[in-house]
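Next, two complexes with chain A in common: one pairs it with chain B, the other with chain C.
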Partner chain A sequence: MKSARPHPAWVPWFFLGPFLLLFAVFFAWPLARAAVLSFEQTYGPGVVVFIGLRNATFLLRDPLFWTAFKNTVIFTVGSLLVQMPAALGLALLLNRPSLKGRHWFRLVFFSPALIGIVFAATLATLVFEKQTGLINYALHSLFHRWDPDFPWLDDYLMTSLILAALWLYAGFNMVYFLAALQNVPAEQIEAASIDGANAWQRFWHVTLPAIRPVGGFIVLLSVAGSFQIFVLPYVMFLRTGGGGPHDRGLTIVMYLYKTGFLAGDLGYASAIGWVLTILLVGIVLLHRRLTRGEEF
Partner chain B sequence: MKSFFARFFGALSPAAWVIVALAVGSSIGVALVRATPRRGLQFWIFAVNHEPFYRAVVADWNREHPDKPVQISLVNVTALEQRMMSSFFSGTPIADVLEVERSIVGPAFAGPLPSVGFVDLTDRLRQQDLLERINHPSFSPWTSRGRIFGIPHDVHPVLLAYRADLVEAAGIDMSRIQTWDDYFRMLAPLMKSPGGSGPVDRYLINGWPSDYYTAEMLLLQAGGALFDAHERPTLNSAFNARFIARLATWYTGPHRVARSLDYFSASGHQMMLQGQIVGLLVPDWYAGLILKPEMPGLAGKMKLMPLPAWEPGGRRTSAWGGTMLAIAKSSARQQEAWDFAQFLYLSPTTAVALFRGDGIVSPIKSFWSNPVYDEPDPYFCGQHFGRLFLDQASNVPMRTSSPYNQQALTAFDNCLIDVTAYADRTGRYDPAPLVPEAQRLLDGAQRQIADQIARNVFLTAAP
Partner chain C sequence: MPDRRRITRWLGRTLLYVLLLFFAGLTAVPFIWMVTSAFKAKEDFFSSLFLPGGHGFLGVAWDRLTLGNFRRLFHVLPMARSLLNSIFLASTCSLFATLCGAMGGYGLSKFHFRARGWLTTLVLGTAVLPMPLLLAPRFELIYHLHLLDTYAGYLLPQLAPAFGVFLFRQAMLNHVPAEIVESARLDGCGEIRIFFTLVLPLVRPMIGAFIIITFLGVWNDFIGPQIIIQTTERLPLAVTLASMQNNYGTDYGLLMAGTLVSVAPIICLFLLLQKEFISGLTSGTVKG
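So, the complex of A and B:
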C-alpha cells in the first residue's frame, strides 16, 4: 500500500486563510466593534454619541425587549417539545426495514428543509390564512363548528410559528436521528429481546441511551437556532409589522433588526446582540456541563 | 522546474484543484461583469402601477431635456427602505429623486435634523407658492420639526364603500345616515344569521381589534391623535380612552357590528364578494388599485359615501397611506432633481394618469376642477368616483411624521386588543364601563413610548 506523502507546510494555511480572513473581517472585528457600540447611541455609523451604560440600563426595563425575550423562549421551548418527538418518531418509523417506500418518505419529510425559508414562510402564511387557508378550511370541513375565521396569524402567532418550524425542520432533525439509529448496535437490541425486553423497554433502555449524544447535539442546535429565529416570523407576520398583533411574534433578533437597521440605533441593537451572545454562550456551557462524558 | 510543478499540483487532489479553479474563475468572472452605467438623474419608485405612465413622463422629460436625462428604476418598497436608510447612515449610493411611502419614512426622521437624508424643501415650496397650491394636510407626514422634506403625491381621503345591492334591496336610504350610530342602527336588519338561526354571517363594517390600519383611520377621523403638533406622544388622552372603549364595542359583545376582513388577501376579497361585510373603509388608492381590479364581481354593486361621523357635524373622512417625492441630500444634481420633481408632480398629465390608472386624486388644488374627476364610474353604480373623494380632500386629518408613530400605533392597538379582551372577560359591553380600563392601559402605553423617545438624545436635544 502506498503511504500518503506529507503535505507541504503552506497547505493548511492555504485552506485556512480564506476562513481566517473572513472570520476576522466579518466576525471578530464586528464583535469587538459591537461591544464599543453598545455604549453609544447612533443614527447610523456617522452620528454617534457616547452614552455609557444607558443602553444596558434601558434594556433591563425595556418592555419590548422582554416581550421579544419571552416570545423567543416560548418558541424555543415549544419547538423543542414538538420537534424532537416528531423528528425522533419519524426517524424510528423510517428506520424500520419492513416499511415499504421508506426512501421516498425520507425525501418527502426532508424536502421542506430543501426549500428556502422565505418561500416556506410565505407558504405557511397562506396555510394559516382565514377562510381560504388550508388549515382553517380543512378543520371547518371536518368540524363544522370550527370557525373558518380562526385567527392563527392574529391571536395564535406562536402556535402557528411553532407549527411552521415543525414542518420546516422536523425532517432535517429526523436525518440526524436516523443516522444515530442506524448506528445503534443490532446485537444489543437482539440481546435485550432475548432477555425478554418488549419494544418499549428496548427503546427506553437500549436505543434511547445509544442515541442520547446525538439527541443532545440536536437539542443544542435547535435551541441556538431558535434563539436566532428571524426570517420565518418576519415573513409570516410581515403584514402586521413583523412582530404581529400585540408583538406576539416579536423575537429577539427581529427586535435587534428593527432597532439597528430600520431605526438606525446601532448602539442599542449592539447591546441587544451582546445579550443574545451571552445567552447563547451560557446555553452552550450549560449543554457541555450536562453532557460531560458523552461523545458525539 | 518540472519537480516544482509536480510538487505544487501534487499537493492537492485533482478534485481540490477543480474547486480552486472554479472559485478563482467565478471570482474573476464576477469582477469582470460591468454594472449597468448610471446615466443622468436617478429616479426610484416602488409602485408597480405607477411605472408605465411615469416612464412616459420621463420619456417626455428626456426629449425636452436631452442634457439632463432621467433614468427610472422600480425598486421593491422594502428594498427601497433598506437602501434609503443605508444611504443615509453610510453614504451608499441612492437615487437623486425617490418616491417614499409613509410607512417607511419614520426612521429617516429619527436623527438630528441636519442628518435627515432628504433635502429640506420648505423654502423652495414656499418660494414657489406650493404650500398654498397643494392640499395643506398632505404635507403633514413629510414634515419633521417644522421642516418639509417632500412634495406630496396624494391626499388619500377615506370613504365608506358599501354593498349598494344589499342595502337597496332592504330599502335603506343611505342619504339619511350622518353618524356611525345612524349607520349601525339603520343597517341592523342586514345583520342576519342563515335561515334566521345560528351565528350571524353578515357584519356592517370591516375591522377587528388587531387591525391597526382601521384603528388609525377611525381615530384620526374621530379627532384623536397619537402625537401632538410638536410630535410629543398623546396616547393617553381622555379622548383616546373614550375612543378605544367605544371601538371595542364594535368588535365584541351583543352589539358587535364588525368582522375581520383582510384588506389584501383572497379570503378578504371572498368575504366581500359573498356579502359577509356590508361596508369597507376605502381610500382612493384602495378603490382604484384593489377593489376595482381584484374584486370585479362587485362591479355595479358598490357605492361610495362619506364616512359616517362620530358625532353629528363631525369629520366625514380620514386618511390612509401616502407617498412623497423626495430629493436625496447626497445628490450632486439637486437643482435638476427639483426641476424634474416639479415636472412630474405638478403636471396635470400626471394627475390625470394617476387618477385614471390608480384612482388616486391629486393633492394640487387647481387640478380638482378637471372634468376627469366628474366622470361616472360604472363600478360604483355610475357615481362620480373622483369627485366624491375630492369633496373630502380638504378635510383629511393632519398626520404625524414621528419616527415613533409605528411603535405608538402598535402600542395603541395593543390597548384596543386588551380592552376588547377585558370586555369579554368582565361581560361589560358598553363603552362607559370600559373607559377606566382603556385609560389605565393607555397610561402604560404612553409611558412606554415616552421612554423610547426620551432615550433618543438626538430628538430630545433638538430645538
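So, the complex of A and C:
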C-alpha cells in the first residue's frame, strides 16, 4: 500500500528549483567570491587588482579598523549591561497573570522594536538634539541647572547610542524573557515560599537557574546583533561626519560600508567582513563552551 | 496581623503599577513627542515640549498647529513616490519570497531524495552567516549583471530566503501528515495541485507570519536599497528619510512628519494583525 504510487523524481527539484537557483546566484556565488575578493583591491566594482595578503596585513595595523573594533566592543558590552537587566526586570514585573492591562503594557514595551531602525534612529537623533531635543528640553525644564546644550550626540555619543538601543530592543528581549519565565516551575516557587524564602532569594535560587539556558541564548543573540550594528549609529551620527567626532561612533560594519561603498574598495570591505565573521564564530564557540551541557 | 499583611500587599501592588506606568511612559514618550512635533511649526520648537501653550481647550494653542510639514513633505519632497515605492517593494517581495520559501520548505520536508541531507545543512548553514559579509561581493555581482539602480537588482536576492525555507520546512514537518499527500497522489491529484490546495492551507499560520516578517524587513531595510538604488525617485522611505536628515537636518517638524508617515502604515498593520506579528517576529529565533 505504502508508496504504491511514488512521486516522479523531478517533483522535489521542481519545488526547490526557484529557491535553489536564486540561492546559488545570490548567496553561494557571492560567498565564494567574498573569499577571493579579500585578496584583491578594487576601485569601484569594475576595476580589480590582485594584491595577495596585503589586505590582511594592512588590516592588522589599520588604526581606523581598531577604533571601529574598540567602539563596537564598548557598545556591545555597555548595551548588554543595561539591556539584559532592563529586559529581565520588565519581564518579571509583567509575569503575573492577574496583572490588569498586562497585554497593553507588553504592547507598549514592544512597540519600539516594531518600527524600523532607520525610523527609530531618526527619532532618536532628534530626541538627543541640543536645545529642542526631547531629553535636553525636558531635563532643562525640570532642573534649571541642566545645560540645554548638553552634547549627547558629540561627547556622549556612545551613551546616546546605548540608550537608543535600550529603548529599541529592551521590549524585544523582554518578550523572550517572558517566554522563558513560563518554564519556571510554579511548585518550586511555592515550596521556596513556604520554606520562608523572600522574594530576592526566590529569584536568585529558583527563577534565575530555571531561565539560565534561555537567558544565555538571549545574551548570545544580543551580542551577535550588537557586533553587527550599523544603521542606528549611521543615522544618528550622519550630521557629525558619519562616525561621530574623531570616529568615536564608528563601528565595524560602518567601516565596512564606508570602505566598500564610499571609498570603493570592495576587496578591503570583504576582508573586514571576514574578520567580522571570524569574531562572530568565536563568540558562538565561546558561548557553547560556557553553556556546555545545558539544554533547552 | 492579617490587616497589616493586606496593607503590605496593597502597597506592593500599587508600587508595581506605578513602576510599570513609569516605564511604559518612558517608552511611549518619544512617540507622543514625534506625533505632536509633526504638527508644530518651526518656531514653536523652542517654546514648548509637546503642544504649544495658549488659551484654547486644555490650555493648548490649537490654532498654532499646522499641516505645513506634511504639505511640504508631499509637495516639495518626493515623499508620495517613496511611499508608493516602499509599498510596492514590500508587497512584491513578501508575496514571492513566501512562495519561494514555502515551495523550498515543501521540497526539503516531504520528499526523499539523495541530496536532501546536505542541502538542508547548506541552507541552515548560510542562514546564520552575517549579512555584512555578502554586501561587497553581491554588489559587485549586481553591477556585472547590469542590475544596479533597478528593483530587480534589489529584489532578486531577497526572494531566496534561506531562513524562510527553514521555517516552512519545520512547519510542514509538524503540520502536514505524509498520509494526506500520499492518498491525494493515489487519487490521481497532480503534484502542483497537491501543494496549493492541500499543503499550503495546512501551514496557513506560518504563511501569515512569514509574509509579515518579510514585509516588515523590506519596509525597514536601509542598507540594501541604499547600496543598490541610486535614482531619487526609486528610493523607498527608509533611504529617503535618512537622506532628508542630511539635507534638512534642522527641520525637526519636517523630519518628524516624515517619520510619522513612514511608521504609520506599519503601526496600522500591527493593530490589525497583532497575533501574527508577535509570532512572526519571534519565530525561529526561539525554538519550540
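Just so we're on the same page, the second predicted complex is superposed on the first by the 266 of 296 C-alpha atoms of A that agree within 3 Å, B and C clash if a C-alpha of one lies under 4 Å from a C-alpha of the other, contacts with A are read in each partner's own complex, and residues count from 1 in each chain.
Here is the rule we use: a residue touches a chain if its C-beta (ideal position, glycine included) is under 8 Å from a C-beta of that chain, and two chains touch if they have at least 3 such contacts.
All of these numbers come straight from a predicted model, not from anything done at the bench.
A.B. asks: Touch test for A:167: chain B only (first), chain C only (second), both, or neither?
C.D. replies: A:167 sits against chain C, while chain B stays out of touch.
A.B. asks: Is it chain B or chain C that touches the larger share of residues in chain A?
C.D. replies: For chain A, the partner with the higher number of touched residues is C.
A.B. asks: Would you sort A:201 into first (chain B), second (chain C), both or neither based on which partner it touches?
C.D. replies: It touches nothing on chain B or chain C.
A.B. asks: Kindly classify A:93 by the partners it touches after superposition: chain B alone (first), chain C alone (second), both, or neither?
C.D. replies: After superposition on chain A, A:93 lies in contact with chain C alone.
A.B. asks: Could you tell me if A:240 is touching chain B, chain C, both of them or neither one (first, second, both, neither)?
C.D. replies: It touches chain B, and chain C stays clear.
A.B. asks: Answer with first, second, both or neither: which of chain B and chain C does A:134 touch in the superposed model?
C.D. replies: Once the two structures are laid over each other on A, A:134 reaches chain C alone.
A.B. asks: Thinking of the overlay built on chain A, is A:34 touched by chain B (first), by chain C (second), by both, or by neither?
C.D. replies: Once the two structures are laid over each other on A, A:34 reaches chain C alone.
A.B. asks: Contacts for A:182 in the overlay, against chain B (first) and chain C (second): which applies, first, second, both or neither?
C.D. replies: It touches nothing on chain B or chain C.
A.B. asks: In the overlay, answer first, second, both or neither for which of chain B and chain C A:54 touches.
C.D. replies: Once the two structures are laid over each other on A, A:54 reaches chain B alone.
A.B. asks: Touch test for A:228: chain B only (first), chain C only (second), both, or neither?
C.D. replies: Once the two structures are laid over each other on A, A:228 reaches chain C alone.
A.B. asks: Could you pull out which residues of chain A sit against chain B in one structure and against chain C in the other?
C.D. replies: 5, 7-8, 11, 45-46, 129, 131-132, 239, 261
A.B. asks: Under the touch definition given earlier, write down the residues of chain C that touch chain A in their complex.
C.D. replies: Interface residues on chain C, with respect to chain A: 16, 19-20, 23-24, 27-31, 33-34, 37, 45-46, 49, 100-101, 103-104, 106-108, 111, 113, 116, 119, 123, 126, 129-141, 143-144, 156-157, 159-160, 162, 165, 182, 185-186, 191, 195, 216, 219-223, 227, 238-239, 241-242, 245-246, 249, 252, 255-256, 258-259, 262-263, 266-267, 270, 274, 277-278, 281-282, 285-286.
A.B. asks: Where on chain B is chain A touching in the complex?
C.D. replies: 7, 10-12, 81-82, 85, 88-91, 107, 110-112, 115, 208-210, 212, 259-260, 262, 264-267, 270-271, 403, 406, 410, 413-414, 417-418, 448, 451, 455-458
A.B. asks: Which residues of chain A touch chain B once you look at their complex with the stated criterion?
C.D. replies: Interface residues on the chain A side: 5, 7-8, 11, 41, 43-47, 49, 51, 54, 58, 61-64, 129-133, 149, 151, 154-155, 239-241, 243, 245-247, 261-265, 268.
A.B. asks: With touch defined as at the start, can you tell me which chain A residues reach chain C in the complex?
C.D. replies: Within the complex, chain A contacts chain C at residues 2-5, 7-9, 11-16, 18-20, 22-23, 25-31, 33-34, 37, 42, 45-46, 90, 93-94, 99, 105, 107-119, 122-127, 129, 131-132, 134, 137-138, 141, 167, 171-172, 175-176, 179, 214, 217, 221, 224, 228, 230-231, 234-235, 238-239, 253, 256-257, 260-261, 266-267, 269-270, 273-274, 276-277, 280.
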